[in-house]
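Look at the two complexes coming up: chain A is in both, with chain B in one and chain C in the other.
Here is the complex of A and B:
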């Protein structure tokens, strides 16, 4: 039971990092990133491949952040010239292309067979609950640093500028600021966070295949921040909690309600994600923790 | 000759992409948001056609059921969701359309399961025309697509409601002060969109397989064709779809089977960067 709770906590923290990245990009800056899972995948594969070459995880996880951030750079350059909704399509296409590349380039990623035997964090500690708690501690520390950094960003001049980009880009330009540079920075930062999340995921699950990086993951994260409240750090935290409750709860539900196969459950899960996205968009666009002073 | 054969094979695929892009571009031009549920509406059409075809053995009945069913589905999505979100940001509509797509996919997954299904159509010997092998089934499918396209373009360009739709696409406010009722235009537009998607989905199902994900996987080529054709341009969408379908097939010997899908992404980026209006676009430019 303890091991199970620790496992859930670790996955929740990984989703939390993803949500924080998206909160920075969409919630604060208004960049509609529909390709979050692409950067998550880049992080996971980077860290996994480097660590299998024998590099220490203390190097490969930052490397995952760097590659995911660098991958976001060209996407950012393009985003400057596009309207919001086109950017959404481009990023969605990007994440699907990433998945195609990791599926096809077998020499590097072993294609659909995936990469097994990725080293764990703290492999020297015995496999039991101690190692789990140590892993959880590290991810928790990184998440707390990310939350602290986000709060600082929101309160900083940088935070005010990116929120202004979201609210009224023309007005910001009229004040002589250049939204382009800020957007690129935000995109790189958020993607680097997704890269770190991917690295932790790879080293925790120890086995990655392209099918783990489908667009549904992106929309899990979207669901989390939309339910929690867009543009609020607290929203990302609450939303991720509810997302985990939903993902794990649906697993238990299957044990209680007989006659629902795993495949049907997967379908139902997608359906509930869809329904919640629609309902929240219509009835509660600010989310649960949202800023009720504006719409 | 080899490439000519590939190009011929790509035409049917191109029609599928073109039909999807036509559905997408109508919504984009008139309701002003990218409808990410387009792909799943196509899947719905494929399943509707498959079910009726299995029960009755008639593809004609199957296509009627698919068109009717998907048209009603699209209208329902408008009445229950998109109508309420009118005047909200594009993001709201986009996110809601993703949600609707997910719900359609979930419904199909629960109703029909996840295993791949195929249309039981009789195999026939290809016809040889000038050294090219042409599958009679492809000819039939092309004919179906041609009829569907002719019907849509006739509605758009020959009927009063079509003229009103184009007016709303051109300038919504001007259309409104001219006494065009947006409600009627939207209803007609969503019915047509659903029907067109269904024809595309059915063709896709007959040519390949039917599974709950087939439509969603078409979304990227469909978006690419819409933007290549120019947002809101029905002719552009169909032409761009054909171009993209042929280009995908012809590129296969060079880039391999898996990467032909990535071609859409490359085309999408190239068009957005070099010529955001697309080939035929004029209604709406991109910044």
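Here is the complex of A and C:
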């Protein structure tokens, strides 16, 4: 495997973790989280900063999951009081607030200059393609564990309840179950996954700036799960694959079509994302792998 | 010991949907609630079950006040309502709809789910059996593994009833359980309701099918324009001139 493919695979796995988190939150529980990238950013900065203090990545990556998960807790409390659409706006506002904070708190985050020189995974033991494969292996292992856990959840009584929340919250209350605790757990878990993804991202790219954490990242993840099929673990996997194909394909396109600047290409990508979302919503709302209905 | 509804009032803007409604359902009783469209029957159910706060009045169940409890808390006391317009979990199968209703499942906590898989499996097996029984009871075998969203209106009503049965109810508030259900099945469900009632489960039943309801419930309350008009045995109630006026338009 050459370095280019390994690089794509690593980014794909990172997006996969994000997609799995959103599948848990939206696909299974119906929580419209438009601020996913905020938790991704919290994870990235947490692990980057701690590792630069000399802590081992084996500690800083779990710490990223914890801080991102903890950040979701107050958001979860808010979600209990808001209608779905307002909650969506609150989460979007949250992720933009996170970006503003990391932009302005220069003493901690170095502001727009960002944080360079973030340690890589396995930095000390190997270099070159071997190191990259090792990194990929670790992220793959974590992703597989996440997929396994998600599948367990889907097949469990917990999964049944969160899907019931998605389908009809009041009916669930009428049966004696409070949605609140479930929603908070789901938000925390999904955000912790985003936090881990952020940590892997930081240690892979080794340089993070606030501009990497714009809402577009959130909407890429939404695109992935909508194309793949919301509410299904397989949908998140397939959708992420297609998303990567799209992102990398558009990069190729720019290389072979002369006269298209990176700025133009970026705008074009956003346009295509929007178009695909509209087309899928109209013509194949269940996504490629099928919708909420598992059977 | 009973469901005790005392002097409940509820207005939507300037419109008084409920004005000073009081009623009582003794534990284990089978009581009907009738009244013309818009009388306020479903609104009363929403207030009793905690989905709508009343402007005035109090709800007690089994000797304890429900006023501080949210809908889920009220259901956990054994007071379970169904909805007039079915609220099925559309993407879950009929079986899963019912399984989701059962209380106290270890697998509903993440800790239980990941660290006590044996216990979860055992509970699931036992629950699946209980659910199969309810499914047979309601004649839903053929659609047991279909997504509930795809069922007919009548079948969805049966799912509502089935879910309520799995909550370990002591009093079920049924909002038009026979609407859209075929007559043969209505007869059977009435039989089941009597059977469940014989086991000590109480029912307060809203129903427009008076013929069915009068055979089922030995006692009826009649509502009109947000008030209780009268109550008593079906024959006496239906003979009441005010009831004929309000509800039957003098046609009977």
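Here is the rule we go by: the second predicted complex is superposed on the first by the 289 of 295 C-alpha atoms of A that agree within 3 Å, B and C clash if a C-alpha of one lies under 4 Å from a C-alpha of the other, contacts with A are read in each partner's own complex, and residues count from 1 in each chain.
Operating definition for what follows: contacts are C-beta pairs under 8 Å (C-beta built on N, C-alpha and C of every residue); 3 or more make two chains touch, one makes a residue touch a chain.
The structure presented is a predicted model; accordingly, all values stated were derived computationally and were not measured.
S.K.: Here chain A is shared; do chain B and chain C fit on it together or clash?
M.R.: Fit - chain B and chain C, as placed by superposing on chain A, sit side by side.
S.K.: After superposition on the shared chain, which partner residues are touched by A:158: those of chain B (first), chain C (second), both, or neither?
M.R.: In the superposed model, A:158 contacts chain C only, not chain B.
S.K.: Which partner, chain B or chain C, is in contact with more residues of chain A?
M.R.: B
S.K.: One more residue to check, A:185. First (chain B), second (chain C), both or neither?
M.R.: In the superposition, A:185 contacts chain C only.
S.K.: Which angle, as a multiple of 10 degrees, do chain B and chain C span at the CA centre of chain A?
M.R.: Taking chain A as the apex, chain B and chain C sit 80 degrees apart.
S.K.: In the overlaid three-chain picture, which partner chain does A:93 touch, first (chain B) or second (chain C), both, or neither?
M.R.: Only chain B; A:93 stays clear of chain C.
S.K.: Considering only the touch criterion stated at the top, classify A:167 as touching first (chain B), second (chain C), both, or neither.
M.R.: Touch partner of A:167: chain C, not chain B.
S.K.: Between chain B and chain C, whom does A:252 touch in the aligned arrangement: first, second, both, or neither?
M.R.: neither
S.K.: Once chain A of both complexes is superposed, is A:107 in touch with chain B (first), chain C (second), both, or neither?
M.R.: Neither chain B nor chain C is touched by A:107.
S.K.: On the A-aligned overlay, A:231 touches which partner chain: chain B = first, chain C = second, or both, or neither?
M.R.: In the superposed model, A:231 contacts chain C only, not chain B.
S.K.: Counting only touches as set out at the top, which of chain B and chain C does A:175 meet: first, second, both, neither?
M.R.: second
S.K.: On the overlay, how many Å separate the closest CA atoms of chain B and chain C?
M.R.: Checking C-alpha atoms only, chain B sits 10 Å from chain C at its nearest point.
S.K.: Touching chain B and also chain C: which chain A residues?
M.R.: Common to the two interfaces on chain A: nothing.
S.K.: Once bound in the complex, which stretches of chain B touch chain A?
M.R.: Chain B reaches chain A through residues 33-34, 81, 84-85, 88, 90-92, 94-96, 98-103, 105-110, 113-114, 212, 219-220, 223-224, 227, 256, 258-259, 261-262, 264-265, 268-269, 272-273, 276, 286-287.
S.K.: What residues on chain A touch chain B, complex-wise?
M.R.: Listed in rising order, the residues are 32, 78, 81-86, 88-90, 92-94, 96-97, 100-101, 103-104, 219, 222, 226, 263-264, 266-278, 281-282, 285.
S.K.: Can you list the residues on chain C that touch chain A in the complex?
M.R.: Touch list, chain C to chain A: 49, 51, 70-73, 75-76, 80-83, 87-93, 96-97, 99-101, 103, 105-110, 113-114, 120, 123-124, 145, 147, 149, 163-164, 166-167.
S.K.: Which part of chain A faces chain C closely enough to touch in the complex?
M.R.: Contact set of chain A toward chain C: 149, 152-153, 156-158, 160-161, 163-164, 166-168, 170-178, 185, 189, 231, 291-295.
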